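Each of the next two complexes has chain A plus one other chain: chain B in the first, chain C in the second.
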Partner chain A sequence: MKDQRLETRVDTQTIKIEARKAQVYYGTNHAIKDVDVDIMDKTVTAFIGPSGCGKSTFLRCLNRMNDTIPSCRVEGSITLEGESIYDPRVDPVQLRARIGMVFQKPNPFPKSIYDNVAYGPKIHGLTRNKAELDAIVESCLRKAALWNEVKDRLQAPGTGLSGGQQQRLCIARAITTSPEVLLMDEPCSALDPIATAQVEELIDELRSQFSVVIVTHSMQQAARVSQRTAFFHLGNLVEFGETGQIFTNPKDPRTESYISGRIG
Partner chain B sequence: MTAPISLKGSPLHPRAAIDTRASLLLQDPRTKARNATEKRFRAYGLSAIVVALLALVWLLVSIFGNGLPAFRQTFMTIPVTLDAALLDKGGKRDPADLSKATTVAYGKLLAASLGAEITAKGIDLGGMDAKALAKMISEESPATLRNRVLADPSLIGTTINFTLLASGRIDGYYKGRVSMESAALDKNTSPEQLAMADKLKAAGVLSTSFNTGFMTMPDASDKRPEAAGLGVAIVGSLYMMFVVLALALPIGVATSVYLEEFAPKNNFTDLIEVNIANLAAVPSIVYGILGLSIFINFAGLPQSAPIVGGLVLTLMTLPRIIIPTRAALKAVPPSIRDAALGIGASRLQTITHHVLPLAMPGILTGTIIGLAQALGETAPLLLIGMVAFVRDFPGAPPEGLFDPASALPVQIYNWTQRGDPGFVERASGAIIVLLVFLIAMNAVAIYFRRKFERRW
Partner chain C sequence: MSLGLLLLVLLALAVAGYVIGRRKAVAQVEGDIRKLHSLPPFYGRITALLTAVPAFFLIAAWLLAQPLFLETKALNLINPAELPAGKSAELVMADVRRVAAGLDMLAARGQDVTPLLASPTALKAALNTAGVVLETEPTPSTLAATAALRSSGDTSRLAMTIAALVLALAGLAFGLSRIKPEYRARNATEQFAMWLLMASSLIAVLTTVGIVASLLFESIHFFRLYPASEFFFSTVWKPQFGGGSQLGILPLLWGTLYVSVIALVVAVPIGLMSAIYLAEYASRSTRAWVKPAIEILAGIPTIVYGLFALVTVGPLLRDYFASPLGLGNSSSSVMTAGLVMGIMVIPFVSSLSDDIINAVPQSLRDGSLGLGATPSETIKQVVIPAALPGIVGAVLLAASRAIGETMIVVMGAGAAAQLSMNPFEAMTTVTVKIVSQLTGDTEFASPETLVAFALGLTLFCLTLALNIVALVIVRKYREQYE
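What follows is the complex of A and B.
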């Protein structure tokens, strides 16, 4: 474990996403209570907490993926660069082009590797011709550290790759639209340690261009990749601060219990 | 440490107690009972399958035994001199004049030609008069010859080799349906005619060959089973399937996509869902009454028309397409939807680009099974007048959809009602044709399922 990453400074203080008194209800169940979070630009923010604490729910609120669940209701304010993302005028399709998402289980489309990556630019009309599309596909696969492994078989099905490669393919697919924020919902939980290390390295590199929010069950992973950490417990945001401080000097006794393994 | 629990002397049922000290090589009574139950169950299952297979074999043997002769037919090929004095009394080849020569005249001509051919082959006529000879010829053949002459008046005055249908009784004689004994009691034929047919067969005038007319000719009246064909019924069924496919597939898929992906989940959509499930179980004759009142009485569409049959069958097929389509849409993993939505695809893009292609095998299978059911459906068609006797082929689509036509299952039903034993054979032959169509459609369904099946 590279402990020196705990000391990584937060590079910038620009706030990308700001949540104030965010509430999420599933029917009558109050899943997220009064969450205040600032997601900084060009920073990796980790959400940690025991299962069912609401960290994935909150993550999915940030690009309105929760809209697909009919009983889900969000209150409070969540803004992207000062604009409320729950404003009725906001089209979630446009929002999701700016806030990309990578899921827990690698979910490439049952199509070729090329088509998987090219899908985003195609539907958003980002390219004018095949050459530009090829260029985007190549640059995104390079950013996702997958280009060298797949450049000779771009027409092979994406589902034929290994788990780690599939997840990097999904990351490549998510960054094709040049999102400002990349949400990752336990991106390494289905991967082995080697693939996990590759993805973590990738996350660290992506930080130079995107703001990354990662939900993880592994506290070591949070410590390795993130600059800021939020600890959720039973739908409450218990503590939010710099990763080094959360892991070495937690202020709340619940945080301390969790990171030392006494609860959760 | 807890003391080992002893089951000895426990109040449980004696068979429930497992004697831990017994040998593994001996089955305890409870295991024996369980194994016996399983063995019995397997025997029940096996016997059910055997009974079903026997029934199927019985069905196939009976249908093919009765129906295969329908694909063979007895023909006579004789030279016919189309005498102008007989057929064109005006001598001007004027169509109005030509049509004055009726089928009776042509019938007499054919009987005379047959008599001449018999004499020419050196066969003794044996006292058979023109009337007896005419009975050997199908009543259909004079009309066929007349139509041929009307279509091409230049034939008049020439001698043509004309292949005519032998009468149903002579055809039945070669298929084992008519014997000398039965012919003696039959006013439609006589043992002399059958004996003459045997002589003609030996002379090469009469022969039994493949019956293309069974697939191409229209239905024929009660006394001419030898001329009855499935042509109009096949065209009518094809037109109806075309209408059903063109309407039920898009409407059914659109309904399923809307209900599955867009509609809010509330009491109203629950009600619709229950109703769709119930509609799939409504007896098909009810759809016939619905079609009669809506499409014919209210909308004023013609009776016996494939368009009405197609619309009625569409109503009947819709729930049978919607239910498997919704199941196929449900079976698409949500991760694929998440992936597409996460990149910023709209809901409709997610569905058309990703969900529908993955659900396609299930949708197509459901559709083709639904179509196959519609193809075999009789009851609703009876109510909208498709049971009528139709001899004229419907025109080309789209206008032809409004012309009267028959349908395969209705034609089968119709033929089983006729008196002449020749129609039993025709009905069984039509069942074979229907079965071949159904098997072909199921094969297409399997092909599509394999072709579009994708792993994720």
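What follows is the complex of A and C.
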């Protein structure tokens, strides 16, 4: 595993995902308007903004999860390493193995902890035998900082863990397929402060291997974990830049109002 | 006073109680309702409830208990020496009841019935013209019993009317006496409503208990006349009303289970797959008309399914499968009944499973799809395992429905009790035999009729066990997502 990681390590300034003039419609409702975003490799990008501003919607465009909503329509161009992800030749199922996702609420499957983590490798046929599968399960649980807590009860149901453990289990599950990008939709909103701190620490560690995109309601969290921040408001991308610059010296007055608590 | 009139009077008293109670409350505070604990209608309501409800309950209880008391009284008057050969006192009581009803009818027409009581011949003739046909002339003791039944019936009715009215008036007075500005009428109404709701649920429970008890008593009666070991372990079902019957339940249980299993083999895959289609793949507009269309199947009367089995499916199976394969040439077969019954229970499986699959949180599907699973992998590996306990519950409910089905079996599988593996053979089930043992003019004393209760009790235990298992599984499933 380590060798593979070294091989795939590239310059941190490579653009992983590039969105240009992205539009999203729910029926007649124009939810995302003209969004241009570059997601850098090995970087944590935070999407912030008030509720209903479209940040989760945009996140779900990046791995085509919006395909599961019948009335949803996406226009504009979104590319992963230069290839359009909405090209008809792209299989959304394969795409989602390359761009993993962690959801707002922990959603472990009603299976054992082991089977939860082994789910991705099993359906994609990533392993040749049980030993390899065991190795992937262990390394992913270790990366998700959960191994020590669950190593003695891998066959216990995943739904029996605490909220924070469940969310780390979901993160472990999401990284088993070695995705290139990890999308996180408010991963800490259902967690207590201690579990939140653990997950944030984890995000920072994951940055060395993946590009991470995180949607968050908490500006402190965005400031703590991200290197780049995008501020969405009413379906528009208002401002996108270095996290430090967005929080200390915003260019747009709307960003300034939001981070100082006047809108939102 | 007739019952309807009595109820009307009680209702009028209740309305009066409402108006008076409300007025009294308002008058006590001289129109300033802010000084009352509750709004004025509550004072009226509690008075009306106290007036009407206890009296209604008294009437209901009286009407239930009255026949029991009166009949034992009349039964004692019947002279055992006068009983015709082969007739028990209970059977004579049926005559007594009919004569009494006939006399009441004549009296209601304004005829003088006193001379009729003196002459049995005239009485029989008069009753014949009134539409009550008696086999023989009533004996003197029957007449005495009839007269006693009628007179004590009248007395009892009068006593009930008086008691109900007194109780209603007492309730009214009690309700009015309690009205004071600080009386918490609102809370009292609430309390009263709770007791009423509790009584309603008690009726359902007591009815179940009553049904089980009656089954149980008659079954015990049956097992006194017929050995239980024979009933449960004999493989021959051959009732003979002359006596010497062989009443083994095994062929019937076998038929029941065989038909139900075939029905489930048909219904479970079809129902489950259509549920998966509806819940996971169908668009909203498709679902909007497909789901009700499937549920229409559940609304078709079973006798119509029976006709379908008798006229279409049975001959079809015989001509194209059973005869060519040399498996028999009966158009009634287990297969016919099983197939048609399977179609009947499809909506039970599909509709319940559809609801259960829909109840699986969307987040689980998202999680699986987000890992790059296809929809069918998601359904097989995540959605169905999550919904499985509920689906098992749905299947068990469908099974208990199939086990209790009668009409389709009579028309599709025939009425011949036998133990056979051949699905194209005519067989029959427990329910069908219950019907055939009880139809016709038979008395409830021989094992041939009483066996119906033992059969019913066995069936009840079977479906009860299935329902309990289903409930336990469904409950376990609910706990998982809360």
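Here is the rule we use: the second predicted complex is superposed on the first by the 253 of 264 C-alpha atoms of A that agree within 3 Å, B and C clash if a C-alpha of one lies under 4 Å from a C-alpha of the other, contacts with A are read in each partner's own complex, and residues count from 1 in each chain.
The definition used in the following text is that a contact is a pair of C-beta atoms (placed from the backbone, for glycine too) under 8 Å apart; a residue touches a chain by one contact, two chains touch by 3 or more.
For clarity, every value in this text was computed on a predicted model and none was experimentally measured.
K.L.:
Chain A superposed: clash or fit between chain B and chain C?
P.N.:
Here the two partners, once superposed via chain A, clash with each other.
K.L.:
So, does A:T159 touch the first partner chain B, the second partner chain C, both, or neither?
P.N.:
both
K.L.:
A:Y26 contacts which: chain B (first), chain C (second), both, neither?
P.N.:
After superposing on A, A:Y26 lies clear of both chain B and chain C.
K.L.:
Find the residues of chain A that appear in the contact set with chain B and again in the contact set with chain C.
P.N.:
63, 65, 68, 70, 93-97, 100-101, 103, 105, 107-110, 119-120, 123-124, 159, 170, 173-174, 176-177
K.L.:
Using the touch definition up top, name the residues of chain A that touch chain C in the complex.
P.N.:
63, 65, 68, 70, 93-98, 100-101, 103, 105, 107-111, 119-120, 123-124, 159, 170, 173-174, 176-177
K.L.:
What part of chain C is in contact with chain A in the complex they form?
P.N.:
Against chain A, the touching part of chain C is residues 283-284, 361, 363-374, 377, 381-382, 385-386, 480.
K.L.:
Going by the contact rule set out above, which residues of chain B touch chain A in the complex?
P.N.:
Chain B reaches chain A through residues 264-265, 333, 335-346, 349, 353-354, 358, 454-456.
K.L.:
How about chain A: which of its residues touch chain B in the complex?
P.N.:
Touching chain B: residues 63, 65, 68, 70, 93-97, 100-103, 105, 107-110, 119-120, 123-124, 159, 170, 173-174, 176-177 of chain A.
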